[in-house]
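These notes open a run of structures that come right after.
What follows is subunit A paired twice: with subunit B in the first complex and subunit C in the second.
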Partner chain A sequence: MSLENIVIQDAQIGQINFEQVKKRQRAKSFIKGMLFLLPSIILFSIFLFYPLGRTIYLSFFLTNAAGETTVFIGWQNYVNLFTSPIFMQSMKSTFLFVLYTVPFTIIISLFLAMIANEKLKGIGFFRTVYSSTMGISVAAASVFWLYLFHPSIGLLNMILETLGIDGIGWLTDPDWALFAVSITTIWMNIGFTFLILLGGLQSIDSYLYESADIDGAGYFYKVRRITIPMLSPTLFFVVTVTIINAFQTFGQIDILTQGGPVNSTNLVVYSIYREAFVNYKFGSASAQAVLLFIIILIMTFLQFKFGERKVHYQ
Partner chain B sequence: MTMPISKRIIFYVLLFITGFIVFAPTLMALVMSFMSNKDIMTGSFPTMLSFDNYVKAFGQFPLLKYLFNSFIISALIMLGQLILSSLAAYAFVFLEFKGRDLLFYLFIATMMVPFEASIIPNFHTIRDLGWIDKYEGLSIPFFALAFGTFLLRQNFKQIPKELREASQIAGMGDFKFYLSVVLPVSRTSLLTLGVYGFLTSWNMYLWPLLATTNDSVRTVQIGLKQLQTQEQLNDWGVIMAGAIIVVIPTLILLFISQNKLQKGLTEGALK
Partner chain C sequence: MKKLIAVLMLGLVLFIAACSEEGDTEEPETSGATDSDTAEASAETSEATGEKQTVTFWHSMGGAGQEALNAIVDSYNNSQDAVQVNAEYQGTYDEALTKFNSVAGTDSVPNMIQTFEIGTMSMINSGSIVPIQELINADGYDMNGLEENIVNYYSLDGTFYSMPFNSSTPVMYYNKDAFEAAGLDPEAPPETFEEVEEASKAIVESNPDMKGFALQAYGWLYEQLLANQGALLLNNDNGRTDTPTEIGWTEEEGKSIFEWVKRMVDDETFANYGTNGDNMMAGFLAGDVSMFLQSSASSRDVIDHAPFEVGIAFLPHPEAKERAGVVIGGASLWMIDGKSVEEQNAAWDFMKYLQTPEIQAEWHVGTGYFAINPAAYDEQVVKDAYVEMPQLQVTVDQLQATEASYATQGALMDMIPEGRKIMETALETVYNGGDVDDAYNTAVDQFNAAIEQANAARGE
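Moving on to the complex of A and B:
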């Protein structure tokens, strides 16, 4: 009888210890995990999550030039934006800019990646050339194109004039400026997009092409039936990144047009910059930043909802 | 498999034409940087080539100082990103603790917040910390990087778990294991991320424009903008010389590491 009791007691003690040790172990591993993550979490909190909350907060206020809130005005900043023809123009330009740059960036880069994926002698040289624009900063690229677009001594107008065509006011004509900025941006985007798409193409199993060759399939049939479906996850990624980047465009505008002529290239980030750091209207600028954030959120969400369905994963 | 000769010719023609078009603006800038202003203004082919524009660019602007600043800032960001990303990736792969998955989603969420949308409070934070015109203000906000964490996490996952178990039996702590096993094994990915971090930091534009007010820490990108706006006589040769100086470090880095970068970025993006 007593022996039985002892055994049961022993078992209970063991259980308690076991529970305690497990708990202590868990607390220990939690602390350890947090120590490894803490540097990132702290910096994300200071420079990402706090500013996001603060931006939303500021968007309901008027501020002074130092950025301190003065008067709570509720939704008035947003109402003002949606009734301001300048901001509406900025929104329209931004969406047009996305429409001009994203499809052309993808199509041109895909074409380049496909011809650079052939097994030919010296192909490495061409790959380096195509990816070179990735190494060219926005400031340098803008300076290159600022000259190319120059109305009198620029190369593009010189070529047009030798062909007997009147020069175009690339950056001074409201009908052309957004188009000119788009060309610059597409050129800048090619390097990165090309590199990612080439990586995607190279990871397609060559066995698929070989068996299509045996069946006597033509080049374009293989592109349509093998390349595009197998590349779709990469394409999906590249489209998302290019759209988000297009919404964040700033440097080209600052150097090429400063938002002009007549606000035709006043894209949303440039508009935020001007409102906040030139006009010192931080409340109104914050409201624009919140709208930018919402647009990007919706874009990413739509991409994942509708884009992912068409994606073929291996 | 060899391609028929006619098809090969078509591909080479396409490669040469498109390659020329893509490279033309850079090539043009390079040639212009050696041309005299007279040749540029009259639109003639270069009659003489010289280093005059480079001498002028370095003489009129503190370009060396700008280059030095850009180098320090890019190197700081690169190191910061490597350290923080690898620590975080280690926790996500090798440590098991409560709330890990939640934190992982938090990291994913950070990719949805564009830096441009939070730039106003960030500017005020830097100003209040007294970090305007300081290397800290130009580098520290970019140390934490979700993309880098994912890229390294992908790589760390390929390290066999048995290795960690064996090291635990040998009495090796997590930090020691991280330093002496995980980091050396993943040096290729670390290199990829390092190059990527350096390239993007070197090319940053909006933040250095806001966070610098004088030459002391100004980066070469903003220096180039100044060169372009202050150049009185529209001396395009000098401007192009400045632009070439700005792009040479990144182009060299890109040419050396192009293959690794391509593999690394594709992996990080897709898996």
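Moving on to the complex of A and C:
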């Protein structure tokens, strides 16, 4: 009897101990895990979460020139944005810009990557040339295009004029300016996109092509059935990154058009810059930044939800 | 084969690395001045013995202006042993002001900063400056020796807040050779809007490849064309007697500029360069347009680079209105609060040095900015330059012909940079064939809304 009691007690104690130890160990591993994560948590907090929180906070206020909050106005900054024709124009331009740049960048780069993937003598030279725009800074590239677009002494208009066509006001005509900036951006992005796609093409196993050859498959059949599916993870990455980049375009706008003519190239990030650092309205600029954040978040989410289904991972 | 690809890839990577290094070095070229200046400055600081009082001076003069300014700073540093001025280029006026706002109230503020005229109200509102009136009183300095029209802009209720430094006004540049070819008198440039239209037609008739007139979509020029009609930009006497609550010009005055441009666009004598002043100047130098408006600060550049004879004329005005004159543009020097008295006095000494006739003469001739001190016009350097380039004198004549009034004193408010963008958009709409009434009314609504919001943001 007494012996039994002791055994039961012992068992209970053992169970309690076991639970406690388990808890303690879990806490320990949690702390350990946190310790490993700490550097990135600290960095993210300082450089991402705090500014993000601060931006949201600022978007509910009017500010003075130093960016200090003066009057709390609730949602008024957001209401003003949605009723402002200038901001609506800038949203429209941004979406058009994404529409112009992303598909063309990817199609052109994919084409270049596929021809550069052929095993020919001296192909390294062409690979280098095709990826070379990656090595040019946004500022340098924009200045270079600024001269090409110049209304009277620019190369593009000179060519048009020798062909007997009237020169185009590339950067001064509201119908052309966004198009001109898009051309510049496509040209600048080709280098990076080309390089990533070429990398993706090179990692496709050659035995797939060999067996297709044995089966007597034609070139385009191989492209459609092997290259594109096997390249889909890379393509997905490139599409996501290019879209985000297009939404965040700033440098070429600042140098080429400064948002003009008639606000036709006033893309969202440039509009934020102008609102904050020219007009000193940090509240309204923050509200725009928050909206941009939400839009990119939704776009990326949609892409992962619908785009990723078609991605084939090996 | 695999090996070959690997080698190729490696080569590619190396090439890209080399390229991106090249690319990276491109960027500092534009901002390189900052770095080298800072480096120079710190080198000079370390050289300086402890006795020298250092003064940090933030400025926004790039290109030729920077060279001229650095020469002046060097000559000051060499002229005495007590003060060492370190001039640091901080980007455009907008950028410098933004940087200043972010360090205001900390130890990192400079002793002096150069700020453009429309930043005047933001600087006063910032509360981190010392009005130079205090130093004028303490020192017994006489501001009456300086150009009256320039000094007028920077005094508010009889108090001087900042020391005028680089001042300019807009003028009309024209191509004398083209005028002659079109049968116009190159010595009698058009004075009114209507005469500009007539001259433009004559130019286009004689040379179909050349347009008559270009007006950069630049808010500052719009303000100047208003002032030249005697119109105010903001109510309450351009914001000089009370905080403005709405625009100050009448519909007739404001619209006259749009209608003038519209008529030339319809005549196809107008050259549209949008908001890009550099393109406009390049177009003028290449003989694509015969007349354009621009700051007198560019006069030296234009005269030096034009392959034809350049004429400089007064800013045009509508025939129905008298010429009222121009508003002083440019920038002034601000004394920053929170520094020791010794540093302030040292900075003040440098400010006074800048106003001496010899220095102002050098500055005027080197850039095309005005001499703040009229005594500079008697200096030999200036007289020699006028013999060689008589056009430079027109810019000074225009300033001195300006009558002091609230209109030509210029507007004061912190939302003016935003107002300028609004007017620029409206002008561009008209350049591209938009309706004058629509463009004008939208702009006025937006302008008034911007004033309202700026007043609300001050939380008064």
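Everything below uses one rule, namely that the second predicted complex is superposed on the first by the 273 of 314 C-alpha atoms of A that agree within 3 Å, B and C clash if a C-alpha of one lies under 4 Å from a C-alpha of the other, contacts with A are read in each partner's own complex, and residues count from 1 in each chain.
By definition in this document, contacts are C-beta pairs under 8 Å (C-beta built on N, C-alpha and C of every residue); 3 or more make two chains touch, one makes a residue touch a chain.
In this text, all values refer to a predicted model and were calculated from it rather than measured experimentally.
When the two complexes are overlaid on their common chain A, residue A:I153 makes contact with subunit B and with subunit C alike. By the document's definition of touching, neither partner reaches A:L96: not subunit B, not subunit C. Judged by the touch definition given at the top, the superposed model places A:L62 against subunit C, while subunit B stays out of reach. Comparing subunit B with subunit C, more residues of subunit A are touched by B. Once the two complexes are laid over each other on the shared chain, residue contacts for A:P174 go to subunit C alone; subunit B is not touched. Contact with both subunit B and subunit C is seen for A:I136 once the two complexes are overlaid on the shared chain.
In the superposition on chain A, no contact is made by A:I183 with either subunit B or subunit C.
Look at A:A212: by the touch rule set out above, it reaches neither subunit B nor subunit C. In the superposed model, A:I204 lies in contact with neither subunit B nor subunit C.
Residue overlap on subunit A between its contacts with subunit B in one complex and with subunit C in the other: 67, 119, 123, 127-128, 131-132, 134-137, 139-140, 153, 195, 277. Residue ranges of subunit A in contact with subunit B, taken from their complex: 26, 29-30, 32-34, 36-37, 39-41, 43-44, 46-52, 54-55, 58, 67, 111-112, 115-116, 118-120, 123, 126-141, 143-148, 153, 155, 158, 187, 190, 195-196, 198-200, 203, 210, 213, 233-234, 237, 244, 247-248, 250-251, 254-255, 269, 272-273, 276-277, 282, 285-286, 289-290, 292-293, 296-297, 300. Across the complex, subunit C is touched by residues 62-67, 70-71, 86, 119, 123-124, 127-128, 131-132, 134-137, 139-140, 150-153, 169, 171-174, 195, 202, 257-258, 260-263, 274, 277-281, 283 of subunit A.
By the touch rule above, subunit C contacts subunit A in their complex via residues 1, 5, 8-9, 11-12, 15-16, 18-20, 22-24, 26-27, 30, 94-95, 97-98, 101-102, 104, 122, 125-126, 217, 272-276, 279, 282-283, 286, 288, 414-415, 417-418, 421, 424-425, 428-429, 431-432, 434, 446, 450, 453, 456-459.
Remark: subunit B residues 1, 3, 8, 11-12, 14-15, 18-19, 22-23, 25-26, 28-29, 32, 40-41, 43, 83-85, 87-88, 90-91, 95-100, 103, 106-107, 110, 112-125, 140-141, 143-144, 149, 174, 178, 199, 202-203, 205-206, 209-210, 221-222, 224-225, 228, 236, 239-240, 242-244, 246-247, 250-251, 253-255, 258, 261-263, 265-266, 269-270 touch subunit A in the complex.
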